[in-house]
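Please see the structure below; I have some questions.
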């Protein structure tokens, strides 16, 4: 079933910095799609603005490069139009947790049929190093020159509070785990969320590969039961000496995704429905 | 210490519907402020757009009637200007959880020195009955004529995922409990959040006083420990036959509020600082 | 048939059900074969306050309302206090006697025990409104079966028992009036042609237009006066293959529609001023990504929250200039419900043919007023999707370029997932392929390509429409629902040998320069008439032609204008807000 | 001193440190007593690509850049490939020999082992940039102490060891050049007046202006090219009593500032196109609530995300018309860094005196270019807070009306918590007290009151500024940073008996109609010059005066224009984008 990952090849210059965590994520991303048997034209990557959002500029795939922070609404509309598309949203932590925070709440609430990847480098990469909502307390950045007065947002706990069916944290430094999580997320019906710890060697001098390597551990390997939401919330509270990664939560019974909830019995993709003015005759005549 | 609640009197017509849950909330609100010794000019109520946001149109108090959904940013700015003001934000569920959802995330993250009351009637009252993010699955409204395809958002779990220092649910039908919770929230340094269940007899025919009366119970009376975040998250998951109210979470050690975190040693309110162009001389001369 | 022209006002508090009375009577008048113009005046509150519903009926087509009343239906004291003055000398009052006890009893009035009759005959006090409708119908001499028939249709959806009960309540009202009304009625109804017209609000017409055009997706956030359109479309979602979603905010709304449109659906958003302000970034994205998108902007008085339930035309220049950067767009402003249908359907064609955002500028007065409209000839609705790559053809080549540079500026569209090709949609400046570029030469070419679409678009501007004297002393230049007041002003003035003409612009952008100038050339003076304070149409005229109108008739108190206002202001000479 | 006018270009990849070289040399040139204009051209990426930093120095004040180079410093191969053509016949190349091995060795070049010298003398390879600066300084004959002094100041904040090491690295560069450069240098530096000027970018000048005016609160979301201003202000937050907060989005940013402003703080937001689009609703709120607010709109090419790090002037008409509903505002557009300081300080006064939102329209070219500027006379900065109720007075009365209707339209402000009075701020239409109303009469009065502020505001418009021939054959009408290119075009043309004049508008709204027309009257023809595709200044001129310019010189490829471009386009006759 796997397709050749070469199908995704595209001859374009990559503009990321050497050593950036995004390279590993991109590699795993393409390989996972290919391994799962998706051809580029069957996938739609909706990308935010930021270094993360540049990812689908680097390989062949359907893509919408949207406004900063607006990837989830666009993905919502596109996935309703044609639900045969595998829709994946990709953006940064600033894009998703700052500018786009409201849409995260509501994409989760809607349970949209979208896999959402946040490349969380705890910094604004593209705009040269300002603090992001996940930047740690005390982090010195151009907008927090005296040190960040705030502790970082915990995206996992946030999303767990939103009744999301699939919640995971991966790490760019562990491609195997990332691939496994990604595959499960893509298989999931409805909304699947992965926060990916992604070192940014250019601007985040604190949360480096080494820093993460010293701290990350796989909660699933340590026996965490992803079926237990409250347990997941507890586990997600940890951030410091040790940083948990893995699947925090995966709902036991699949709920219908948003398209099914909204359109129910309609099987045909909306995009294939013919446009016919006469179809409104009956509705119009109710005004008589 | 208490001031006469008559100080809050204002001769203006109230435009709410008879039987609306907002009346009880307003009464408790004024009484609590007066009991706590606040005069109207010491309080600033930042109000959203909606029926809830009309509250401070009905009594004497400093107020900013802001844009739909934007009460928390406005409150953030105002409270930084003069931290001697007791700043309270008041709005509806549409205002706060739909239009303003992103600001809720970040007001909590900043731990702004603001008490935030959401009059949660699970409906859009002022605009005549459309679904809100807290409207229940299947609710028929003008925008969900076939029944709401989505389950309601759980605001308590959402806010618990944001490391908020004070998280409570009150009910317009229990003024005593509401008053107690409100007082604690107002005393709190930093961000305090209260979701108030508020029947809307005009548009929400499901979640009526009777419906709530049959379901609500006080978790604190039933022994819930508000010091335990994970426990709070678990307790907040309940919604159905029984609906928990009370203080879900109250952090044990007070953190500094946003103003202190941001401005540190600065005691004088910013609004009292003199404007003096010569103060920048040294900074300017660094460009020489 | 005599030259019949009556106005009926129903006044009361929010929540008292003036809508029910108004809707019943409107339908009944229409079925009686009369033309109708009905509008509502309501506060931004759910209960209390003072609202009214004013129905004008005539034996000729109507475009606006009158100030003088033939009938006043008062559900509360305030209605008598506020509106008795508007009643003609021989006008009729019907009032709820359980609620009101007027000091000076007008001999031409009927004191109706609304709730009592409703309870005894219909079973429930709320049917008092139906009782009142019945009483008025009786006094005005309406055909009884027409009313029964209307009630049956209106209430059938709630079950035939309810429909029956309402028919009984109406009969009780009729009987009571027959026995107790001792005044004189000088506003009797003739039986006109058998009514076969719809009663349609502007909002309903826009919704129908969108549905006829095959709108498959609408995402919006509720906001008066646009909510009516989204709610109408939401109601059809089960019957037609389309999705409506109430977004979390206006930003999500426009971006959802952008996603849907780029995936191939005809898509639309609806909003009002404040909500539109939030969509401006999305608008700009639609511009650069060449996304076909229909934006309904239902105007109400601003700035900010303004007056939520009132009317204004304050966003003409805003809609033309909104959005960072430069990109083409089209702006339409229908003047009547019938036109709103056709314009909306057309808007979808323009959006797709030129791959641009298209505005329908409506206003609260257009949105909520109802008119009698002949059923639309649905066969006349055309669907033009513009240049779309055929699937088969698309599968052949392997270098699909979403933003191919063409002479017309229009690049053939393709939709993701519909072929083996990949589609790249862009919001940054981009190559023909859609991938980002910072190359200066490409940048200039892409700007030129996008702007070039305006050339062709300018070739199919909806022309200005004129009515009245063709070599006028005064040309009233107007847009949107204000046309109604102007048109009637022309009729009134020209009847007493005035030389007035009204020209309104159904499309304001691209601006119909040539035709507008032709009209202006024939006129002695030009007066713009619009519902705002700064004379925006006058400013647009100067922006596009260098000419300023001689004067303006403006109104910005949130209430619509009618012919009386226009003529009164003309008499005073008008104002010149442009210095 | 001779009429010295040299250009130095430093080219390389993002991340190679061309900024370090550029900043060192800029400072050193300024200290040497020269005038400077330096600008940067960079991609929206952090590493790689091709960026450059171009410094022009002269013995006379500069306003723009030149195309021809005296010196090229190449850190990568691409710099040689792309820019060798720009070098004068006798120009000099300094290149990093560890990175580049050119095929055709220019005899006038120095192959510098940057990292090697840096490591041996400074200790670290990154100091290669300082080595390069030293080498160029040597070749051009700069005073050695000047460079040492500059390095000391620039690196002192990182510790004196680092400063020392850099001084050593620079010396190594100097020594190496002295020994190994065998070419001819025709761009030697004279020692000018002792330099006592600042090197300031437009962004720095705006930030300083805001700080001088007593800006106490800034909330913003990062966006190129406005980020520089917020980052500058954030850095001063510990030293001056003010708060900077990076908001979660632009909507929060503007609303935080609205809250702070209404609580009494001078407040400011900074953003660029897309971000400003998101602020439009807040802008409208500032309009109706009469909130004094300064909005820095740093323009870059749009639409949408556009070209993040490039320049354009595409938001003139957008900023004037943005916002639902109608309300007064002011729009300023400084042309140079020095002016940016004064304009920004002035903007705070205008905002508070008229209680309106005020724009500072900047653009990336202004924001990031640096100029030599004399230190500002801070005593000349005035603070005018407008009509504010005195605390004592306020405590007396008991009916404070935030929106009191006055002849000027300006209502005295008061701040919550500062007296026993309560303050009511409104975004709905409101009574004088600030409480909501739907009364039509009050509505009209409030609209009039707000618009009336424009009368007084129009009385203190910053007048257009002219340079060149006073009865010109061609008047170049321009705004913003484009002034620099025009001014220099005037100089060049008039030297060879051209009759050119440039008039630029530091304030664009309210539009300075009278003065602009006076200038136009004296000119044979008017050509607008601006960085956009649709000729927005020309359109604004027509909107306000009815006149269209004869032609336009436009550029919209994201790169700034200079005098050469202006003169070249003038020769071709210009374009007429307005049809």
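When the chains are written out, they are named A, B, C and D in that same order, and each has its own residue count from 1.
Criterion: a residue touches a chain if its C-beta (ideal position, glycine included) is under 8 Å from a C-beta of that chain, and two chains touch if they have at least 3 such contacts.
These numbers were taken from a predicted model, which means no experiment stands behind them.
Colleague: Is the number of contacting C-beta pairs greater for A-C or for B-C?
Modeller: Higher C-beta contact count between the two pairs: A-C.
Colleague: Let me check something: if the centre of a chain is the mean of its CA atoms, which chain is farthest from chain B?
Modeller: Centroid comparison gives D as the farthest chain from chain B.
Colleague: On a C-alpha centroid basis, what's the spacing between chain B and chain D, in Å?
Modeller: The mean C-alpha positions of chain B and chain D differ by 41 Å.
Colleague: Report the inter-centroid distance (CA atoms only) between chain A and chain D in whole Å.
Modeller: It comes to 37 Å between the two C-alpha centres.
Colleague: Two-or-more-chain contact residues of chain D, please, as numbers and ranges.
Modeller: Residues 43-44, 248-249, 251, 274, 281, 285, 289, 304-305, 308, 427-428 of chain D each touch two or more of the other chains.
Colleague: Two or more other chains in contact with one residue: find those residues in chain A.
Modeller: 49, 65, 67, 98, 101-102, 105-106, 133, 262
Colleague: For a test of understanding, state which residues of chain A touch chain D in their complex under the given definition.
Modeller: Residues of chain A touching chain D: 13, 15-18, 49, 51, 65, 67-69, 98-99, 101, 124-128, 130-131, 133, 142-146, 202-203.
Colleague: Touching chain B in the complex: which residues of chain D?
Modeller: Those in contact with chain B are residues 196-200, 204, 208, 211-214, 216-217, 219, 236, 239-243, 245, 247-249, 251-253, 255-267, 281-282, 285, 289, 345, 373, 375-376, 378-379, 381, 383, 385, 415-428, 434-436.
Colleague: Taking the complex as given, what residues does chain D use to touch chain C?
Modeller: That would be residues 43-44, 251, 272-274, 276-278, 280-281, 283-285, 287-289, 301-310, 312, 314-315, 317-318, 320-327, 427-429, 438, 440-441, 443-444, 447-448, 451, 532-534, 539, 542-543, 546-548, 556-559 of chain D.
Colleague: Looking at the complex, which residues from chain D come into contact with chain A?
Modeller: 15, 43-49, 221-224, 227, 230-231, 234-235, 237-238, 244, 246, 248-249, 274, 304-305, 308
Colleague: Tell me, which parts of chain B touch chain D in their complex?
Modeller: Chain B residues touching chain D: 12, 39-42, 44, 46, 49, 54, 57, 60-67, 70, 72-82, 84-85, 102-103, 105-106, 262-263, 266, 268, 270-271, 273-285, 287-288.
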